[in-house]
Amino acid sequence: MARLKYRPLNLGRWLVWGGTALLMILLPQILTAGFTLTLLSQIGVGIIFALSYNMLLGQGGMLSFGHAVYSGMGAYFTVHALNLISKGAFYFPVTLTPLIGGVAGAFFGVIFGYVTTKKSGTTFAMISLGIGEMVAACSLMFAGFFGGEAGISTNRVIGEAFLGISYGPSIQVYYLIVGWALICMVAMFAWTQTPLGRMANAVRDNPERAEFVGYDTHMVRFLTLVISGFFAGIAGGLSCINYEIVTAENVGALRSAGVLIATFIGGAGFFFGPIIGSIVFFTMVTAIGSITQAWAFYLGLLFLVIVLYAPGGFASLIAMHVPVIKARLMRRLWLPYSAALATGIALLAGLVSVVEMTYHFSTEAGANPNMKLFGLAFNVTHAAPWAVASALLVGGFIISRFAWNLVGRTWADIVHILQEQSA
Amino acid sequence: MSTAIELKGITKSFGNTAIIRGVNLAIPRGERHAIIGPNGAGKSTLFNLISGRYPVTQGEILLNGEVVTGLKPFQINRKGLSRSFQITNIFPRMSVFENIRCAVLWTLGYKYSFWHRLGGLKDANLRTEEVMESIGLKARRDTLAGVLSYAEQRALEIGITIAGGAGVILLDEPTAGMSRTETADAVELIRKVSQGKTLIMVEHDMGVVFDLADRISVLVYGEVIASDKPENIRGNPAVQEAYLGTEAH
Amino acid sequence: MEFFLISMLNSISYGLLLFMLSSGLTIIFSMMGVLNFAHASFYMLGAYFAYQISGWIGFWPALAIAPLLVGAVGMAVERYGLRTVHKFGHVAELLFTFGLAYLIDEAVHLIWGRSSVPYAVPPSLDGAAFTLFSTEYPIYRVFMMAVSISMLIGIYLTLTRSRIGLVIQAALTHPQTVETLGHNVPRVFMLVFGGGSALAGLAGVIGGNAFITEPGMAAAVGPIVFVVVVVGGMGSLVGAFLASLLIGVIQTFSVALDYSFVNLFAKLGITIGPNTPLAALWDLTISQTAPVLPYLLMVLMLIFRPKGILGTREG
């Protein structure tokens, strides 16, 4: 993970934040396809959730397998609050109900955090998993609170519309999410610039040294987890408003795994990494999920490739090109990149074919052996399509290795040139 | 109460092996004290006991008259004791500036604050600049600590140690592995930053020891065999036999 | 008495199965510092491989071939995956095995579908071994115990009699020292990882038909195995053994007990109605709390004895 360092470049920072805000506000006007609003809302909530997760993973060095506990509990408290508000038990503006989720998330951070943050590393990872499983198991025990299999539903439209805002139409919910996402993004970025935020980095990098400059590493991790739980809870509250239902899935292991994957794919070493990660993650889930049942397989494969070959995620891939662009050396990379892309497409086509054909073969070959892939129709029980697919896969693998070697050599040259320039 | 550090019958065993065997030592405030001894005498272990890195097996440690035995490192640090490490122990992925700033935050009272903006902490940033100036790393302000030269990292190590303004400073072999000129610079640096403080250092370079120390303790096989002014240590026959006789330059 | 004896036998057979999983995980963790997130996935692979192979050539060959195949997969994973991420540290290794677990789950979905497969106990092992009071105890449970115990003896002999076993033993107690002795050779790692995976695979072969072979089986048993390792003490084989049996007992007995606080209070003469504070809590029967008990045990252990039953290291 690369360093987290931000210079006080204020004009630039205003431009970045302003641009982000403007983009989020304008996007639903530009992309008007039916599913985009759903997707954009998902991404907005996902960004808050992933950024809160990265407080642990990226900034605090804590790999959690149970982060959904905090967002999920936030969602459950929000759904009960909404139901109570609509019954008239108390008054609270719907706009602010994600705060209830945030407080709930922070509360459970206090409860579970003290035990889990005693250690970091592998032990933390295991215990966070155990806590996650415990809460997930509880969700089936206490049907009154968790709603059992069906979950708890609610209605986000409460009372009279205020200035035309009723949160009935999903575009209004989208803008509610955008508002919260911007606030949370700024707040979480600001957190990285506080004493606690910086000491979280220090404890991540060298816990022993941090103890010898006066810091209790357990306390630093604990507070980081509580604050992270707060923002996760806000994300949970927003997802509750968005879907008007909260089920046991919200606290489940798959949700925890999802946020880990999204954050890591985006890049845990950079503040903006989880933002990219959420965009990639939800776009993949929605876009690929609508085409093939095997989407989760491709997602897992992408995750493994990132872990193995680009552990800094997409953010690091972007960051490593910045000096190259500044030094006007990109032109050297176009050819190797094109080669890698072309061979990569062949490899990918082979892989996708094998996966899809396997899937079709194991599920429906008996009833309907014919399938269509890349516009070609064929019989999956015949040998020929398998031969073509395997040839693509193996051949693609071999030629991509050549292409990647070329990329590697070019990069070595570029690094060399950059070093000479700076010296 | 003019004693900065007092060790009363300190013993440390790993399993059945006693590494420190009943050390008694009182170091008055403001003294520059060197601990010397052959390899394996237990000098670094003694530092680890005083700073709370290891628990003591037996005995009592007093810091400014207060018992600190059994406290955690961060608690001892907050009571005014700071240490450096023999093997450089810094935050390699942070800049020099950030390294020092991490070390000043607690004493300036910012603790676990998440409501202050680091950039706006005038006192912390000023203190950080001062420390960087005094250790001569001002020009390397924004360089990542991990890519500094060895001598620069050692200077940063000392900078982190003194930045919090602790009254008692423990330096573990501050000049180990340095060239002659680097060593000379380091001696001046140590002299400067330990002004008005209690300094305890473990050091192998006898030049550095006799140059800096007001008093020297000789640790052999976990026991202090002599503790005296440099000129007396030089003349002490037991010390010469145990140590100087074989290793003096 | 009858209930107790039968449940005890079931606890032991389940506990031994857990130990087959946790022993491999413990050895891999001690040797390589890697907490193998995909360990339970190897268990699942063992079950599915056995299902597939026993469909072709019968259960007995599958009993031998499936674990070997899983072991081969494990070795390949170590050689081509773990070794690559080793330089990025333990967290990266953990992430890698996590991704792998996710991928294996999905691969199982793709190949064998989303519902359970009919992996059944072979006819030769179907039936009652003996009758205890009025309950017939199945042969297959006895067979499971026999396999587990022979594997246990196998591990014991390997650890105490073979050269690689001695290295593994030394690594359990003094990981750094063994590393400096130069025994930290990649080949030993690969064999250990493969061996641990094969053990998990074997557990899958005999557990898959005793319970159920479905894509969710890895996610169901994986966290329990982690609990066993934490409760037993990270890196302690004997601790893992005791914890496996303990969890086996807890899980087996708790699902069969229908007592709740309401019953307890009733005996004390206190009636609990739906309006009593925390009614939902008092109303829970022990069997309803069964899924949560192992995790509760883990949390309590971490609070009161973070080293675990027999652990020497605190994480």
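Worth a mention:
For clarity, chains are labelled A, B and C in written order, and residue numbers in each chain start from 1.
Quick note on the criterion: a contact is a pair of C-beta atoms (placed from the backbone, for glycine too) under 8 Å apart; a residue touches a chain by one contact, two chains touch by 3 or more.
All figures in this text were calculated on a predicted structure; none of them were measured in a lab.
Taken as a contact graph, the chains are arranged in an open line, each linked only to its neighbours along the path. Among the chains, the centre nearest to the mean of all shown protein C-alpha atoms is found for A.
Centre to centre, using the average C-alpha position, chain A and chain B are separated by 44 Å.
Distance between chain centres (mean CA atoms), chain B to chain C: 49 Å.
In whole angstrom, the spacing between the mean C-alpha positions of chain A and chain C is 30.
Along chain C, no residue makes contact with two or more other chains. In the complex of the two chains, the chain A residues touching chain C come out as 61, 63, 65, 115, 118-119, 121-123, 125-127, 129-131, 133-134, 137-138, 140-142, 144-145, 253, 257, 260-261, 264, 294, 296-297, 300-301, 303-304, 307-308, 311, 355, 358-359, 362-363.
Against chain A, the residues of chain B that register as touching in their complex are 51, 53, 72-74, 77-78, 82-83, 89-95, 98, 101-103, 105-107, 110-119, 121, 144, 160, 163-164. Here chain A touches chain B in the complex through residues 3, 5, 8, 190-191, 193-199, 201-202, 205-206, 208-217, 219-220, 223, 227, going by the rule given at the top. Those residues of chain C that touch chain A in the complex are listed here as 33, 35, 81, 84-85, 88, 90-92, 94-96, 98-100, 102-103, 105-107, 109-113, 219, 223, 226-227, 229-230, 234, 280-281, 284, 288-289, 291-292, 295-296, 298-299, 302-303, 306, 314-315.
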